[in-house]
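Here's the structure, in structure tokens; my notes come after.
Chains here go by letter, A, B, C, D, E and F, matching the order in which they are written, and residues are numbered from 1 within each.
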Amino acid sequence: MMLRIEDMDRKQHFRMAYSETGTEWRIEKDPVIFDHDEELQEYNGFYYDPRITYVAEEQTYYINFAVHSDLLGVRGGQVKTKDFKRFEWIGFGTEPDCRNCVLFPEKINGLYARLDRPHGKDGTKNNIWISYSPDLVYWGKSKVVATTRPHHWDDAYVGPGAVPIKTKEGWLEIYHGVYRSCSGAIYRLGVLLLDMKDPSCVIGRCNGYVLGPRELYERVGDVPNVVFTSGAVAEDDGTVNLFYGAADTVMCLATAQLGDLLAACREAR
Amino acid sequence: MMLRIEDMDRKQHFRMAYSETGTEWRIEKDPVIFDHDEELQEYNGFYYDPRITYVAEEQTYYINFAVHSDLLGVRGGQVKTKDFKRFEWIGFGTEPDCRNCVLFPEKINGLYARLDRPHGKDGTKNNIWISYSPDLVYWGKSKVVATTRPHHWDDAYVGPGAVPIKTKEGWLEIYHGVYRSCSGAIYRLGVLLLDMKDPSCVIGRCNGYVLGPRELYERVGDVPNVVFTSGAVAEDDGTVNLFYGAADTVMCLATAQLGDLLAACREAR
Amino acid sequence: MMLRIEDMDRKQHFRMAYSETGTEWRIEKDPVIFDHDEELQEYNGFYYDPRITYVAEEQTYYINFAVHSDLLGVRGGQVKTKDFKRFEWIGFGTEPDCRNCVLFPEKINGLYARLDRPHGKDGTKNNIWISYSPDLVYWGKSKVVATTRPHHWDDAYVGPGAVPIKTKEGWLEIYHGVYRSCSGAIYRLGVLLLDMKDPSCVIGRCNGYVLGPRELYERVGDVPNVVFTSGAVAEDDGTVNLFYGAADTVMCLATAQLGDLLAACREAR
Amino acid sequence: MMLRIEDMDRKQHFRMAYSETGTEWRIEKDPVIFDHDEELQEYNGFYYDPRITYVAEEQTYYINFAVHSDLLGVRGGQVKTKDFKRFEWIGFGTEPDCRNCVLFPEKINGLYARLDRPHGKDGTKNNIWISYSPDLVYWGKSKVVATTRPHHWDDAYVGPGAVPIKTKEGWLEIYHGVYRSCSGAIYRLGVLLLDMKDPSCVIGRCNGYVLGPRELYERVGDVPNVVFTSGAVAEDDGTVNLFYGAADTVMCLATAQLGDLLAACREAR
Amino acid sequence: MMLRIEDMDRKQHFRMAYSETGTEWRIEKDPVIFDHDEELQEYNGFYYDPRITYVAEEQTYYINFAVHSDLLGVRGGQVKTKDFKRFEWIGFGTEPDCRNCVLFPEKINGLYARLDRPHGKDGTKNNIWISYSPDLVYWGKSKVVATTRPHHWDDAYVGPGAVPIKTKEGWLEIYHGVYRSCSGAIYRLGVLLLDMKDPSCVIGRCNGYVLGPRELYERVGDVPNVVFTSGAVAEDDGTVNLFYGAADTVMCLATAQLGDLLAACREAR
Amino acid sequence: MMLRIEDMDRKQHFRMAYSETGTEWRIEKDPVIFDHDEELQEYNGFYYDPRITYVAEEQTYYINFAVHSDLLGVRGGQVKTKDFKRFEWIGFGTEPDCRNCVLFPEKINGLYARLDRPHGKDGTKNNIWISYSPDLVYWGKSKVVATTRPHHWDDAYVGPGAVPIKTKEGWLEIYHGVYRSCSGAIYRLGVLLLDMKDPSCVIGRCNGYVLGPRELYERVGDVPNVVFTSGAVAEDDGTVNLFYGAADTVMCLATAQLGDLLAACREAR
């Protein structure tokens, strides 16, 4: 089950899409409606990159996405649903410019926790941060989690990707890293392991990337050389199903073993 | 009484400066020390542009300032003091990039309120925003307050300046606006009138600026054509003493009548 | 029958190319010569993007093309021919910077009419304009016809493409629109319907594009993700043969039904 | 007698200003109104830099000025008056981007003639051009007149300034030239001598500039180091009164002898 | 036999690779070590683009490569070996920014000679130069050899590629030329013929390129549309084996006849 | 005695200027001529910033200056004279882009030594370097001497200024440092103390600057906020006469005590 962006009337809306297999999808014709989203309408933007976090304790799905306004900048929007039929607008979670907000599936030390990427004026400051909130309304205690690495595949930007996966070793975060060549950006995916109790603390990080553009459909498309994820699902058998966009043109499904991703986090760096 | 930036050992610290007159100042030799500021030290930046808000209800002075880190961006730092002898670090109030944080002198609807200027990646989004907090730790309910005005003296940037002054008509905010010419920026000061109960609502705004570079010491210096304020004091007789930096080189004192500033807010725009 | 650019001695000349089928072409070895083009030689540039308009009333083909000079900018050049053997230079039709000039196949209200794209200093002003002339020498009454659409496939540039096709509903113009991604531009084609009597008035415009890069030869080449047209021929049976360049590397032929293109113009936007 | 820009309600209008002396001015309170300027209103811009040409043969004053629109670019606007009480809108004379339009005071070879500066996308193409018109509506036969000179005081931009002055030796044109330093632009004034019969032909050009920023009021102001003219009046005794703006802050009057300006045009370059 | 870059522990090292065929390669696991390279270690950079010159007279292989430091810029590094087992650091051959250093296989007029590309601050100055040295330590008598050609395939950059090949007609140099489109750079290869006695003198130069991106593996990859060479070997039978990187992703082998390359140098330009 | 740049016929030449006092100067009308400078003429540039070094051992004055070519970049030129009547061209001392070359007044370890500033493509690499030469023809053993200091007055550029002054403590070098504000660059002067035997080794460096723009003639002029030196003379009594340009508009003379400059080098940084 997955949300999908649709271009309609020049304002992008989310729609529901359903799949038994993860590769065949049925997309609903009508866009999703958020209850009580006057504040969002006022902001007058379009939105994209939804990340869905299931908080089991509350039996509720939280959806974080980016809301763009030409005049006012990009902020994090928040909605919740219990049944993917009714969605309720919670409110913005950030000032601009901030995007790639991803909520943890559990409270940590009694607080909601969120990874995000504040987007400073100066292109050298594109790091992954964490913030906490007692109520999803007021956020604070922000701290940097992971920075870009010079001359590496993630040297221009890093941003949170999938919802963190709880493992015995800590929170596994699949993130994207960007390298700028003289002919455009290359978006790839890597893995971070964050401390279970203090997820601002990185206890493992891959050296190389775990998924980079290689297939023709990842290399060639509207935006060449991009793989980008907003969602991954860990199965009970240790398989991680990674849904990712390729070349900003097609949606793909990759699979990995959780053990291999954790091993990558133990690489020496 | 005013804090002052001093360049010392390549890391800027604040120092106390005292004056009976507002024009003659005695500057302390030793920098101010913040208690419990490990988090600030870690951030490894330098800081500037302090704004001091006296919250009468708590008999406490809150100081908001910008903390700059090359790697991590500019954030809002917060300290408090009761006697200007001991200062306590409260914590950061924002993610990067955000500066020009100014705390209101009263809680509004039971919440602390702050004006600031988030500093988006794209230069067209340099507006004044407001955020609220129950405790100065978690902030939210952010909303844009005032935007730049095309082809006007404040068409490139606007940012909060002095601590808002409570008047019968609402909160009077002295802000800076920036215009970009082909030979550099011009920083000038204008006034906003904000609704007493809902300060995100602008109920008056000057058409022209109230103070712009005109004197030689405002026109000529390290950064020509700049007037910039971090503090203004309203006297009981209706005089507003505006302390401002000129050409990033000298500190100046200007005076105005509160009534005139309020009248400027009623200009038709 | 089509003109073609050839790189020769570092100065580009047009050559004739002939085809029975529209897909197999025989290209002449010798470049085309323009009579009386001293003015053009003096301008010291190279030229490209020819658009051929047949004005039936005069039994004459007019060719509009872009003439580039590093020192002086890009202007519209005009030649005419009756037989594609002798070509006569008419003169420049614009000051710099202007390109994508396309002449209407009929006079409108007694005046020649031309679509073009003036190319302002500031990248935000890349719109389709119309100008009129009594004699192809003096041009005026210029007006904007269609602007770029924010966050849409044509949000960075729009420019005239093929010679307008006269239909019962108005002038059908196939134009190009450009979107800028973080890895380069995407050129696509859309349709406009212009009022028969006042072609500065848009009476229909497609919402989506009618041709975008999708095939490998459109995606991959010297300039990836480009489809660009300088010519389309409407057959009597309603078929429109669209000749277009792909990836700045190959020439292609696409076909459409005039009715479908007109329907696209009726989309709600 | 001179027109003046006034900032009012964020839309700039011209006002009449009167002077006996050329240094003391009385400015009218009400802005000038143009009859039949619906086309101008529609363009939705603001305007500046008026140049007034008296065409004696028609006992009419023609005023050329720049009209700026954020969305559509800068174009040349034209109005005429016989008494400076009623002004009639003639129409735009150019597509965007073009500014600094200056009409010659006589028809040349039966055509109106105009100097201007088309403003190409690429900053290296900022030259003075000439265009002709039979009726002020349709313009053509455009040609470059004078280009920038590398490593000279006029190496970044050149643009027409005052209305050309008819002399026995040819048309004397006072123009501005721009040099870019690492701290902003320097605007200075030079002289060109154009052939009487074919004013696209330069028969003399100063080597150095004839007026550059030197006085404090020319060096220091909103835009430092600028002298810029839109008007000069040649008296019968050979005195040229040059009205010019300094530092985009004050209006000034300089005087020169026509003979000296002509001599400057004979400098070897 | 060829050196190869390997990314390892974020610092790139060279490794030996062996091949019988030129297309199948066995790469050594351990990186090459340079003796006495304290100076290089201190420079704290990474290195790439090795060019191997065999100086028969000395029975020694000299390897020139680029050494990059973020803080200090890119310089030319030099090592030598007789057996590809022990390598000795010679020293830097340039100040920054300079890259693409290629040593001639013979002394010329008693001096070592080197082609390189100094990399000036301004992007318009990316030409091929030559320098001389009595001892590989002190270099001088630098002269430009070949410049970029406007509006040609080599109009943005030119740089030395393979080690010059001695022919009866002069030194044959395979170089790269770069063209910038609106969607990134295109790297192609051309040929220069340099005078045998005075190799700063170009006696022949191809008009078109001899190898450009055409195959899918040259068009598509981490950096699309790149062919780039650091080495070519002329066989006794007149075959030139050209090793080149494609799309910054794969290594390729192309073959040409020396006679054809020399003929290309005789093209009229 | 000092050389001076004069603009004449758009090609800048040096002229002799004489003074008894250091403040009153008599400038020769005719430019200086260099013997055997065909190579320089060919380079087709203009030159500026001469630094004169007297090598007592050879009773010869060496003059290093920058030679600029739009096409080929900025290089260091070298001439010598014994009497300031006849000047002999020695040759270029660098490839482009390099400027601010300053020769030491003595050989060091048997080699000529030179400070300079290679000018890399990327603006972050603007440091002071040293090179050595046995003969002024071949240069090598280049090493960085001093880098820019972040957030300090010399954080954007540093370059050699005056000829190093031999003191008991080492070589005293007066250098310029540049800071970029939002309204242009600020050029100031500082001091370095270099090891007598190994001048690549910095043994002292000022914390603050020793001369910065403060007077109106340093603040205001063609390029505001610039002080820049190409020459300083140490008198026997310990006075240092510093000749410097202010605001790129006037030449000035400042004096300091050698002891004070050395003390500044001992500041803690």
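Before moving on, here are some points about what is shown:
In the analysis below, a residue touches a chain if its C-beta (ideal position, glycine included) is under 8 Å from a C-beta of that chain, and two chains touch if they have at least 3 such contacts.
Owing to the predicted nature of the structure, the values given are computational and were not obtained by experimental measurement.
Using the contact threshold fixed earlier, the set of chains in contact with both chain B and chain D is F. Counting the residue numbers used at the interface between chain C and chain E, under half appear in both copies, so the two copies meet with largely different residues. Separation between the centroids of chain A and chain F, computed from CA atoms only, is 54 Å. Taking each chain's centre as the average of its CA atoms, chain A and chain C sit 42 Å apart. The centroid of the Cα atoms in chain C and the matching centroid in chain F are 56 Å apart. Counting partners per residue, chain C has 70, 183-184, 220, 224-225 as the residues that reach two or more other chains. Contact between chains, as defined at the top, is found for A-B, A-C, A-E, B-D, B-F, C-D, C-E, D-F, E-F. If you check the complex, the residues on chain E that touch chain F are 70-75, 91-98, 116, 118-125, 127, 129, 131-134, 137-142, 144, 147. By the touch criterion given at the top, residues 7, 9-10, 46, 68, 70, 183-185, 220-226, 248 of chain F touch chain D in their complex. Of all residues in chain F, those touching chain B in their complex are 149-152, 181-184, 186, 207, 213, 216, 219-220, 224-225, 268-269.
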